[in-house]
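Got some structures for you, see below.
Note that chain A is present in both complexes that follow, paired respectively with chain B and with chain C.
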Partner chain A sequence: MSKNVIVIGGGAAGIEAAGQLAMAGYPVIIIEKGQEIGGHLLDWYHLFPDRRNSVEVVSYLNDIAENRNISILKNRQTEKIERNKGNFHLRTSAGDEIEAGAIVVATGFDLFRSEKKEEYGYGIYDNVITSADLEKMFRAGDILLKNGKAPSKIGLVHCVGSRDEKSGNLYCSKLCCVTAVKQAIELREKLPSSKVFCFYMDMRMGGAHYEELYLEAQEKHAVSFIRGKVSEVGVAHNGSLVIKAEDTLAGRPIRIELDMLVLMAGMEMSEGGRKISSDLHLSTGSNRFFSSIDNHYGSNLSNENGVFYAGTCTAPMSIPETISHARAAATEVIRYMKNTGK
Partner chain B sequence: MNKEGKKKIWSDYQKEIADDHFFYVRSCIRQSFFPGSEQFFLNLMRNVLKKDVYENPAHTTCTGIGYHSDIVPSATIMTVIARHFALMKEAGYKNIAISCVTSFGLYTEILETWKHFPSELAKTREYLYKATGREFDIPENLAHTSDIIYKFRDEIAARAKVLLVNKETGEPLNIVEHIGCHYAKMFPKSGIGGAEFPHVLSGMIDAWGGKVIDYPERRHCCGFGFRQYLVQANRGYSVANTAKKFSSMKPFKPDLVLTNCPGCSMFMDRWQYTIKEMEGLTYGVNGESVPVLTYEELAGLVLGFNPWDLGIQYHMVQSEPLLRKLGIEFDPGDKFKTKDGHQMPLPQNLINV
Partner chain C sequence: MSRFGFTITKARFIDYESNDRRISEYISEMEPSFLRCIECGCCSATCTAAGFTKFSLRELNILIKRGENKEINKTIRKCMLCGKCTLVCPRGVNTRNVITLAKEAYQKAENHAV
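And now, the complex of A and B:
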């Protein structure tokens, strides 16, 4: 029986779970599709609610990956996974053949493809961008329109691809509201003469210190929060974006010209996760994320013995939640390995 | 604006359109408002593209206006449309070509209803059989006639005598496309290009050399909207919608509005006259109003047909400024003559003359 553990995915969940398993003495092989570990954190600027630089968290993950029990196979995807006498046999897209006693699935999430919300014109209108695009601009240090000028009126649209039956996603992605608040504050700080509007359905500020950040955005940074969804976007003759929305508190439709519109893209089950789900016959829920065998005390356990979940492959989670979930996954793996004599 | 992004969306909304052998159903209002359009569609299909198009004079209104006015119940309209399918079956056709966007929306809606509620289909079969002794099949292919012109747009371009280019400047004409709400807003998959960035008319404009104008109120209703117009007290809403659209497109200096819906063609044309009378406002360049044409009329101009044979003179906003830009020669004296050369009474108060 193999003592190896395979971790699929080198984001926050995968690295944290690998670190815990390595410290317990298990050899861990991480399969990472990208060139670097860190997942979506590599593209993010500051994290909510304390606006810590994401580089610090990536650095923490890189330190974990230094453990000599961890080996990382980068630029690879899983090609085939089979069970063989209590072990798993995995072949990567690069032809590596790996035997392991357990698998941790940490395939994370994909951002909702905002071009699917056709009415917002992402991919068509120059200055309609996503929250991820804005983070890249923050990292690059310049918030610029396509014509090279700084925007003076910016809108942020919450719930793009979340809580939206038309998009096929009834669930809340949970982190978009606080991300919008964080980004609105950062926009106001970087462009002090700008006006920033957030279009929201409800403000879902459920995490620690999120509500305080929301109040700060209103009181200190004069961000305008408009309760109502954007219905459509067009472009005026002067190149401004023309936004139609409803202000449900005022009870009237509104029409506003903006320079830039930021779509807060929701979280979806990753493409890699969907493939693993099919290969290993893993159950998924109506939200298409992996479905655990018990929502209350078994959220790391899959319907297949020896396969465990860590992080946002099961549901939208913040970084602290992801880290905690990954540690719990490692605990479950260790228990399984001991019980099966591995 | 990134056209590649639009192409991606268009690729998600392509539909099968039959190549030949169509059973044609007319609109009840198009023959009155733009009498050359349906006649030219048949001429184009039969004599230019050499396609088989059959129409049965026994077909009737779809009753759509009555349905949208709450005076025709759904069971009735389903039975009327089932009768058209029965006429098609009796004539041996399987592809239906629908002239009116309101009708097209209803045919689509009814087929969807029957798919999700088979009991409604069974009831309709029973009603039709009891009333007429007829039976029907579901069409194999259902298309609006603008879909069909779109399908053959490149063949039309290959035969073009006139491109949508300003002859004096060499620049493409600025053309606003307006899609009827019932074409794809209810069922985006039923329209070419979907509901947000439809390609059915913009594809024709692209193929025939014009420039498509995207303006902020592009998706807005023309102002017909059934109740907005049919209830007299609501007609202010109707004019206001049209004014909103034209105010939004004016900065883009439109040369032409191209539509695929009878109501849209009618209201975007006639209300320009009304707004000019009420407010003195016009929306084209040099104080002119903007001609509003149907896709059949535009296809006919591109193919070099006599504009008066296409019936474009029966709009309120006259198209002479457009014809001059396109370099199309015309005889003003023939404008309101019958085919056998008799002078008809001249209409009063036309604009753009």
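And now, the complex of A and C:
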């Protein structure tokens, strides 16, 4: 029986779970498809609700990864996973062969591909971008339109690829409302003469201090919140973007011209996760994320003995939720290893 | 009923005590997707008729649900049944059928058949 634990995915969940297992004395092998660990954090500028620089969290993860019980195989994907009695045998795309007693699946999420929502014009109109593209602009330091000018009227579209039967995702991605609020504030700070509008169906500000951030966006930054789902985006004669939406609280259609539109892309089960779910026969829910054997007290447990879940491969989660979930996954793995004599 | 410290004219209420919600119930039974509406306004944003005249399918939906039947009759005929609303609804409401049923139900209600 192998004492090794394989962690699939080197994002916040994978690294945190690996760190806990390494501290408990288990040799951990992390398989990461990218060149760096940190997952989506690497693409994000500031985190909500306190607008901390994501670099700080990435460096926390890098410190964990220093543990000598941890080895990280980067630029690799899992090619094949087999079960052989109590052990797992995994082969990576680079040909590594690894034996392990348990597997932590931490394959995270993929952002909804906004071009699939064709009526919003992502990939068609120059100044329709996604929340992830905006984070890159924040990182680069300049918020610019394709013509090199700064935008003066910016619209943020909530629920892109979430809560939308047409996109095949009925669930709420939970974190895009607060992302929109955070981004609206940062846009107003970087471009003080700009006007920012959020088009939402419901403001879901459930996390700690999210509602306060919403209040700040209204009070300090004069962000306009308009309740109405955007149905289509087009271009006016003068080149500005026009949207179709109803101001449902006023009960009338809106006419507005915008320079830039930011689509709040939702979270979906990752492609990597889907592959592993078929290799290991892991159950998924109607939302396509992994489904645990118990929603209340077993959210880290899969339907396969020895396979555990950490983080957003099970549902959209914030960073603190992901870290907690990953720690809980490590606890479950340790219990399993002890019970099976590993 | 206890008295509030202010007066409010009767017409301001959506009167849950006396509104007749049979039209709403009829539509929900014949077209259960009607129950899924979240009043997002995507249908009314894209609506062909709404561009020309004061008409909002979203508003119509909520009025039907609340049993504000007088209001329904005033506006429902503005719909041209083009079906664009069905294409954009994030909740998969079969909006065109809702309108057809609403018209039908209203007719029946007028003839006291629902």
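Quick notes on this structure:
We take it that the second predicted complex is superposed on the first by the 342 of 342 C-alpha atoms of A that agree within 3 Å, B and C clash if a C-alpha of one lies under 4 Å from a C-alpha of the other, contacts with A are read in each partner's own complex, and residues count from 1 in each chain.
Operating definition for what follows: a residue touches a chain if its C-beta (ideal position, glycine included) is under 8 Å from a C-beta of that chain, and two chains touch if they have at least 3 such contacts.
Keep in mind it's a predicted model, so treat the numbers as computed, not measured.
Three-chain overlay on chain A, with chain B and chain C fitting side by side and no clash. Contacts of A:123 after superposition on the shared chain: chain B is touched, whereas chain C is not. Residue contacts after overlaying the shared chain place A:228 against chain C, while chain B stays out of touching range. In the superposed pair of complexes, A:201 makes contact with chain C only, with no contact to chain B.
Contact with chain C, but none with chain B, is seen for A:163 once the two complexes are overlaid on the shared chain. When the two complexes are overlaid, the chain among chain B and chain C that reaches more residues of chain A is C. Shared-chain residue A:86: touches no atom of chain B or chain C. Looking at the shared chain after the overlay, A:246 reaches chain C, while chain B stays out of its contact range. Centred on chain A, the angle reaching out to chain B and chain C in the chain A superposition, using CA centres, is 50 degrees in steps of 10.
Here's the short version: in the overlay, chain B gets within 5 Å of chain C at its closest Cα pair.
Contacts of chain A with chain B, set against its contacts with chain C after fitting on chain A, overlap at residues 119, 232.
Those residues of chain B that touch chain A in the shared complex are 1-2, 4-6, 8-9, 194-197, 214-219, 251-252. The part of chain C that touches chain A in the complex is made up of residues 38-46, 50-51, 56, 58-59, 88-92. Only residues 119, 159, 163-166, 201-202, 227-232, 244-248, 251-254 of chain A touch chain C when the two sit together in their complex.
Note for the complex: chain A touches chain B at residues 115, 118-119, 121-126, 232, 234-237, 242.
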